[in-house]
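Structure incoming, see below.
Chain IDs A, B, C and D follow the sequence of writing; residue 1 opens each chain.
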Amino acid sequence: MNARPAPAWSVSHWFNADALTLESLRGRPVLLHAFQMLCPGCVQHALPQSQKVAAAFAQTDLAIVGLHTVFEHHHAMGPDSLAVYLHENRIGYPVGVDAYRDDDPAAHPLPLTMQAYAMQGTPTLCLIDRRGNLRRQHFGLLDDLRLGAEIATLLAEPADA
Amino acid sequence: MNARPAPAWSVSHWFNADALTLESLRGRPVLLHAFQMLCPGCVQHALPQSQKVAAAFAQTDLAIVGLHTVFEHHHAMGPDSLAVYLHENRIGYPVGVDAYRDDDPAAHPLPLTMQAYAMQGTPTLCLIDRRGNLRRQHFGLLDDLRLGAEIATLLAEPADA
Amino acid sequence: MNARPAPAWSVSHWFNADALTLESLRGRPVLLHAFQMLCPGCVQHALPQSQKVAAAFAQTDLAIVGLHTVFEHHHAMGPDSLAVYLHENRIGYPVGVDAYRDDDPAAHPLPLTMQAYAMQGTPTLCLIDRRGNLRRQHFGLLDDLRLGAEIATLLAEPADA
Amino acid sequence: MNARPAPAWSVSHWFNADALTLESLRGRPVLLHAFQMLCPGCVQHALPQSQKVAAAFAQTDLAIVGLHTVFEHHHAMGPDSLAVYLHENRIGYPVGVDAYRDDDPAAHPLPLTMQAYAMQGTPTLCLIDRRGNLRRQHFGLLDDLRLGAEIATLLAEPADA
């Protein structure tokens, strides 16, 4: 199987973490979950699922990273609002705010990481393997059984393969 | 049974309606659902339940009114953000923004209608009968079976009793 | 509104009750829930809903009666099997076994009460008012909100109307 | 890791399969799901989960086998009743009826495979690896995320390891 390296992240602000790069997570599989705090499918299904994953797998085995990819209604989903959302929903894993070209969402509404991954919308779930390759990208919802299996498949791969 | 008249509403902004008063709804039972757009219990349970009620009962029989009673994190839940929330979640019934004394939430964070009803938090569900009396006020969640029964009890009362 | 009197029941065996007639319940609304113990829709949805109704309404207000209307696979759903089912699922309200003509399901597989009500299958939910009239008969599932409302509508009717 | 070989099965009757032995499945991981058709936890959760697993994984990758381990109320859960249950619930994977010593459940109510695995009750979920070792035995329910992960862990192991 050949999978391309996952693109680097462009993040303007981190919650629950200091600056976090994909490189720094090398060696562990990564679940990258892109969402918007006012997207109903994200709130009802995707975020609760990420929290379930965070409870089921040790952080030292699997890294879970949220990415706030706001591409619409930017005024209502700024970092201050996101801080409230994360606090109220007790989200404890690292969450990055996807950055905009020239830091100007009015001129460039589609954030940079979302573009780099060519995401179709939110929620989008990405699975990155121990070597930093993007092995799975899924727009919409994935059931728990399948997600658990895909994570375990990456966990079963040797660290130095 | 003696029930006190439901307090009047203090609303600074309406969505999906022009200025709406309790008096103007006299003759119909009213479900008043107080919520905050970033309160998880409201988003996961209370708002979907109100939408289910809106689908199950004719508007000419029962009036459903949302009330955005923001008493914390005011900066993240202003009317502009609420507009996005209502749009994304396709909430079509009237929703009022609970007003603040002197229009100054920094000085008076607890909104006026919330105070007048002595609500304990969000979500709070109020049932008001055809004559404008507050017959039920419930902080937290009520199951569908019980809510359906309480609504029908008010609907069964004669209009001119 | 004109509703016809609910047909009498033909029951060969009662669980959780002595011989129970519709007449003996006159004065209370009755929820009659017809089911088969190996019908998936009954087991997954209808029976749990009846148990929820039994928990939400006082028996002195509303009578809940199960009816085991076996019209297929008779050998697998006899009264001895039903006894186990009711025990394992902790069903405490009265349940009658719908009777067969000549007590002979091989010759007459469709039970008598099921015929008298012209039920289409299982589950079937019947609501009978205080005066013994059949006000609602529904094949399939009814959501909790609607069922709660229909029960309360019957409860709101005067006892001697 | 050392895991003991999974005990052989004692089955008196197969549904959806001819006589099936653990040996004949060697090379594939096996999900063995022990249940009773009138055990509420089995019916509400365990069987639907096995059906979900059957839909998510190819039979050529993972073998799913149900085991009807009746240790109580034997008269209500005989093979004829089980046939109806499997038919009504559209269970298409192989299901074996756990056998009794001397084929006499009255004298020996605990079936033989249940004894050999020292199962505590129903539902019990067993995961057996490609080489026939019992890697996991769980009494009660396991969430989908965890079950998916455990299955994928076994699938990731080399066939000839």
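Rule of thumb we're sticking to: a contact is a pair of C-beta atoms (placed from the backbone, for glycine too) under 8 Å apart; a residue touches a chain by one contact, two chains touch by 3 or more.
The shown structure was predicted, so the numbers you read here are calculated from the model rather than taken from an experiment.
The most distant chain from chain B, with centres taken as the mean of CA atoms, is D.
Mean C-alpha positions place chain A and chain B at a centre distance of 35 Å. Averaging Cα coordinates per chain places chain A and chain C 51 Å apart. With chains as nodes and touching pairs as edges, the resulting graph is a single ring in which every chain has exactly two contacts. Listing the residues of chain A that touch chain B in their complex gives 38-40, 43-44, 73, 75-77, 80-81, 83-85, 88-89.
Chain A contributes residues 52-53, 56-57, 143-153, 155-157 to its touches with chain D in the complex.
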